[in-house]
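What follows is a pair of complexes built around chain A, which joins chain B in one and chain C in the other.
Moving on to the complex of A and B:
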């Protein structure tokens, strides 16, 4: 009799389990929506942006990097606006068109081609003296840890179209 | 009159043990600056809390004018700075207090560290203190964006890039903070506002409660 009783769930245990179960269910029910709401941006798939005409004819692209600016329609949640973008565009030795994002891979400042007199033929970031070779690869020993991002690119009717910045092909 | 009100309540719920638990305790001689002036180092924790109270009060009043919206945030801050009587002072308290609280926190931490007051049995309270430090830094980081001026925007840009460097979860962490994969904008501002005004203060209050209860339970560490 007493052996049998040990196997049973006591009244107190049963109540405990029931209360914990119900309480856990209620807590989960209470928390699931707020948590899902908070992490929504992380789970949202980022729709690939359209490529925009940057107003530059491919004939005007030389081996010297030139800065081009254009604007895109940006949707930030409920807020839509025009934002400016810029790129450094040039033709490399194998005649490919290259468009680098000017955002420094160290902490997000803006780099310029030959931005410092001391470092010709390099991209230079004034914030922490970050440097990149002409092919976008970061100079070892300077703050950036990765090469400059490259824009998605398309050429239509002799005009240059650029999309979102993507990691450098060598990264 | 006040005595009568007190007596009326006391008769019903026996107030004395409550306020005695909160307020009536010995301050040992070695931590009392009236006995040894050098004991002022024991004040840094209390001063930190004092400044925290100022931050909470001034922050509460600032939200009467502040709008966490990218069109209006800067304008609302500008308006209260220039048009509202005494608002400059309240925002000044919040602005400077934010720095003072970090300074006091560091002095308090240094005192505890160099006196070895964190040693057994007070390790738990040290850990709670470290968490409090992180919450404070979080409050400073999220509050910095709210005026939505250039300095705030680019400081946050950099801060988010730093968060992105966290191994494995960096990208997700950045999106979770910024509310968008690439934009620091409308959703970032509302998120930072919510974190600054609701989430982190809630964590702060909970941790402060534990911090103080542990002090009361374990007492102040003995003289050196």
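Moving on to the complex of A and C:
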């Protein structure tokens, strides 16, 4: 009987220790996190609107669209994650740099420049044969109903910086 | 952001757009807690598989729905698993899908390929390495573009 009681007590004690352990751990976490935030640049969130260096020199941008991939840290509710982004980048006839989002305006597949042999000089979406002219405007009669989004852009020290995709200038 | 993952918002969009989304992507993931030497490696393969599945889904999200992964014991009797897996596949047939793509690193499925009611896409596993390293990222990117190429060839 007393043996059993002793055991019960010790089990309760054990539980108490465990709970305290968890509490202590959580408190430590609370204490640590602001410091970590301050010193660890990886944990700093890139606020929306920040432009990222995509690793492309403007000298390498030609009239032929090229695909650029980069990633940004994004905090989205519960998820903190690296988000991959891509763009099709080229110089247009008036020598402006253009960076289109490759996300199809129909249902969001990734479009490719000259992705179909049948349609040279166009962006092509493999999912439902959506098409866009080189200036990003959707080809009438194909599923997308809007032109490709354009990235916010800046040139710093000869490098291309891209931000968030915005509606096409003609949209 | 467009996506077709197994999440409330995505599935609500799916229901609106189902006539366009005709392909299911289902990762097959083995599980074991017997063999210490392989636990890490197996988990690593699952991490890579998750990356593959998410990336392909992103590339082709207007036509592909990523459904929950099929988990099974690593050394379970495959004949039984084939039957269970086919039940999953027939569940998807309650919606207008034309293709079910089964994504796996596990070579033992290949012997049963003919009995499966979906298209098996077997990939040679990446054994080990640092997922965040640049080499690994370019290997993964490469494989992903090949994979979406293969999936498009089914369409």
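Convention: the second predicted complex is superposed on the first by the 122 of 171 C-alpha atoms of A that agree within 3 Å, B and C clash if a C-alpha of one lies under 4 Å from a C-alpha of the other, contacts with A are read in each partner's own complex, and residues count from 1 in each chain.
Everything below uses one rule, namely that contacts are C-beta pairs under 8 Å (C-beta built on N, C-alpha and C of every residue); 3 or more make two chains touch, one makes a residue touch a chain.
Computed from a predicted model, the values in this text were never measured in an experiment.
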{"item": "Partner chain in contact with A:69 - chain B first, chain C second, else both or neither", "value": "second"}
{"item": "First, second, both or neither for A:126, with chain B first and chain C second", "value": "second"}
{"item": "Contacts of A:78 with chain B and chain C, given as first, second, both or neither", "value": "first"}
{"item": "Partner chain(s) touched by A:107 [first = chain B, second = chain C, both, neither]", "value": "both"}
{"item": "Partner chain(s) touched by A:155 [first = chain B, second = chain C, both, neither]", "value": "neither"}
{"item": "Chain A positions touched by chain B in one structure and by chain C in the second", "value": "107-108"}
{"item": "Touch list for chain A against partner chain B, complex", "value": "38-39, 41-42, 44, 46, 74, 76-79, 107-108, 164"}
{"item": "Contact set on chain A toward chain C in their complex", "value": "69, 84, 103-104, 106-110, 125-128, 143"}
{"item": "Interface residues, chain B side, partner chain A - complex", "value": "70, 157-158, 161-162, 172, 175-176, 178-183, 185-187"}
{"item": "In the complex with chain A, residue positions of chain C that touch it", "value": "2-3, 17, 20-21, 55, 58-63, 141, 148, 152, 155"}
